[in-house]
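Chain IDs A, B and C follow the sequence of writing; residue 1 opens each chain.
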Amino acid sequence: MLEPALRLVGIEKHYAATVAVAGIDLEVNEGEFVTLLGPSGCGKTTTLGLIAGFFPPTAGAIYLEGKPVGDLPSFRRDIGVVFQDYALFPHLSAADNVAFGLRMRNLPQAEIARRVADALELVHLAGLGERRPLQLSGGQRQRVALARALVINPTVLLLDEPLSNLDQKLRDEMRIEIAGLQRRLGITTVFVTHDQGEALVMSDRIAVMNAGRIEQIGEPAEIYEHPATRFVAEFIGRMNFFSGQVTTAREVRTARGLVIAAPVPLGIASGAEVHVAVRPERSRLCRDKPDAGLALKGTVRQVLYLGSTREFHLDLEGGERGLVEMPNDGSAVTFDAGAGVWLAASFDHCLVLPARS
Amino acid sequence: MRSTILSARWRANSGPWALLCSVVAFVYLFSLGPILITAAVSFNETHRSSFPPHGFSFRWWERALAPEWINPLLFSLKLGSLTALFSTLLALPLAFALFRYRFRGRDALVALTLGPLMLPTLVTGVGLLQLFQYVGWREYIGFTALLVGHVVICMPFAVRTVGVSLHTLPPNVELAAGSLGATRWRTLRYIVFPLIKSGVVAGAVFAFIHSFTDVNLSIFLARPGEIPITVKILGFLEFGFAPTLAAVSVITLLLPLILVAIVERVSGLGDFIYGDRDRA
Amino acid sequence: MAGTSKRSRVPAHWLLIAVPAAVLLVFFVLPNALLLSASFLKSEAQQLTAVPTLENYRFLLTRPLYLEVFLRTFVIGLAVGAIDVALGYPLAYFLVRTRSRWKGLLIALSLAPLLASVVVRTYGWYIILNRFGIANDALLGLGMIDQRIAFMPSTGAIVIGLAHALLPYTVLTIMGSLNGINPNLESAAMSLGATRTRTFFNVVLPLSLPGIAGGFILVFSIAISAYATPAILGGPATQVAATAIYGFIMQLLDWSLGAALAVVLIVCSLTLLYAASRLGARRAVL
């Protein structure tokens, strides 16, 4: 079996008052695009810094292409980094910025010039090489940062929220471009972001992080359709949660007596408190009580019109809140604020998740 | 948006603003008047320091260029240049240490570095005179003692400007250089030093000007034949007249002015002006 | 990313700072220490002895002549501080708020006097204030007086000369303070119904008080240790602390008294520094 390009074993990072990374095990295969996804403070940027060698781990080991990196400083690791603020050298032109890593490797001038030209071409900045960072737009600077990290052909490419300083439209464009570039070049990539949309679009696998640990790692569809914990379920997409108790291996009973027939994950005992989770887009609204499946009575509190969909925010009996998303398919059927409705969903779309410990 | 709202409202009710402008005009008159008068007097026909000037003549300017005045002027230039050089050289390691490392004696070092700024230069001058006499370095009173004294009082300026430059380095560029394969020394050489150049230059300029215009320290450490221009002018003021003095004074104003104008053009000084706590 | 460039490796920084620190210790700390010790030693026949005494301080702090010097110095400091704040504030406010395209030039003009030595700036006042100078000529010409007045040497002349020389310092300090005030605050006040004047007195002025206090203290501390201006515009009869020190040391060769007076100045400076830092006026980078 091929050695993974990057392997983290038991990585921890403690600071005086906090634990930034509490124990991470991760394997990234060659050519794979893995995203570390999580809210601020979850340790994703720290993990990236540890891989890059900017500071040493408190515990654990990192292997690049099977070889332990130990205490190697960052300039001896074969990595390329794109920073959130791009960190371009303000006193050098774009071309000189891109050339920097090659200069540090003492390559001959002619080869440097050639590779820089190719790299700028790759990121669609051909002809802008002589400009200084100050004279470039935000999107252009980002491309220079990308070219600079790619031109040295690193073993692993590390990206720290590179799109968060761009406006929405540019962000959407660059997502696709970066993902396409990565696929074409086949560079092993670790991407850090708090934006789940980016993670879903760009990644081969997503590692959802919380409080210094990986809560779940898997392919985007897997993470979205089968979140393992409430945190993951809430962080990616939106989710309705209803609390209940496990009665059998296939049944959960809510406080109001509703019985939900959904598989209970192994390890959750009978009688345990759980959350039943349903995606808003897998639910629908009915005027009358549906015959089968999940059915919860309530009133429409607010309707939001989003163009391609409508969101219905509900107050349900029992005090819980609900969210239903229905496509705006042109049908005349809709519900107004104040209307009495039923939130309906098939039991097949209900997930049982452990209550937060 | 913010300033246009303010200025629009100001213009709308121009009373208060007009009043402010007239006060400001008076303040400028008060501030620049005496200097302009000195310049005007230097062109006087007669030897009286009167204003408006009687007649127009260059003769005092001729006298101002005589060896009697040129020598102290050159002395001050030499002193100022060497002061700027040594102040900057000594300031660099201090600025690096203070702005990039955390260590236990840091606060004490800050106090030591800023000390010469905080105490009157007069006191430093007296103390140095005592030191040189006490230790038996009498023959060094004059240029050497002046150089030492000037470096001591000018170093803090250079430390501060280099410090500002270090402080405003873009945050991740050194990490970026490291990730691209630059060792710590190469990062310093290719990234950090070029980026702090303006701070170094500003420090040297401030040090030169402070040295060139100093009088409180220099009066104690000068010696016949080794006198900075400011002390020489001070000595001659007892005798009252001599638009020659006026001409010399104008020269001593023009030199730093031209220096500052050149440096401002080439590399800019604006960022370093605030926080400048000079001493007379 | 979390990588800062502050490390705590021990050896490198000690080496870095060895030379400059040594220079400062030998040529700054040591002289001041010598002064301090000299102030507690007796002087005989213009030579410092090794006899410890408090006589020097007693002498300075009880003789009416020197009390007068202290008083004069102190009053000059207060007057100059007050005048420079009064003159500097409008100028600073104007420079911060003006939209003129000459703004840069105007700021440079307000700071340009700093480039001239104090001696040079004071000479201008000498020309203006002396018996046969411009002030007298003008007043005579206007018929406001019929005899020439000796404006100098006098304490008043010193105040005018120092106020002129130190004005840029208050301008700088107050500008710094005003720049730190969020301009939206003034807009907010006006949107709530305050006129420009009320906005100024109720919003801007209170917020710029640290700058005013800082500027006053700065100018005061420079004024009390000023030498050149009092020497030129005052005379042997109007001594201040600095001229007295010069007299003790260079003319009377009395190191004991000179050192003692210098120490008094040091103590005053440090006290003022402490007061300024407590007021939290705009801090420098270090």
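Operating definition for what follows: contacts are C-beta pairs under 8 Å (C-beta built on N, C-alpha and C of every residue); 3 or more make two chains touch, one makes a residue touch a chain.
As the structure is a computational prediction, the values presented were derived from the model and not from experiment.
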item	value
Busiest interface, counted in C-beta pairs	B-C
Chain whose Cα centroid lies at the greatest distance from that of subunit A	C
Most central chain, Cα average position	B
Rounded Å distance between subunit A and subunit B, as computed from the means of their C-alpha atoms	55
Subunit B-subunit C separation of Cα centroids, rounded to whole Å	16
Interchain centroid distance [CA atoms averaged], subunit A/subunit C, Å	59
Residue list for subunit C, restricted to those that touch at least two other chains	1, 3
Sites on subunit A at which at least two other chains make contact	52, 54, 83
Multi-chain contact residues (two or more partners), subunit B	172, 175
Subunit A - residues contacting subunit B, complex	52-54, 73-75, 79-81, 83, 85, 87-91, 100-101, 104-105, 148-149, 152, 158
Of subunit C, residues touching subunit B in the complex	1, 3, 5-10, 12-13, 16-17, 19-21, 23-25, 27-32, 34-35, 38, 87-88, 90-91, 93-94, 97, 99, 109-121, 123-128, 130, 132-134, 137, 164-169, 172, 175-176, 179, 183-184, 186-187, 190, 195-197, 218, 221-222, 225-229, 231-232, 242, 245-246, 249-250, 255, 258-259, 262, 265-266, 269-270, 273, 282-286
Subunit B - residues contacting subunit C, complex	2-3, 5-7, 9-10, 13, 16, 20-21, 23-24, 27-28, 30-35, 37-38, 41, 48-51, 90-91, 93-94, 96-98, 100-103, 109-110, 112-116, 118-124, 126-131, 134, 148-149, 151-152, 155, 159-160, 163-164, 167, 172, 174-175, 209, 212-216, 219-220, 229-230, 233-234, 237, 240, 245-246, 249, 252-253, 256-257, 260, 273-280
Subunit A-facing residues of subunit B, complex	170-173, 175-183, 186, 190-191, 194-195
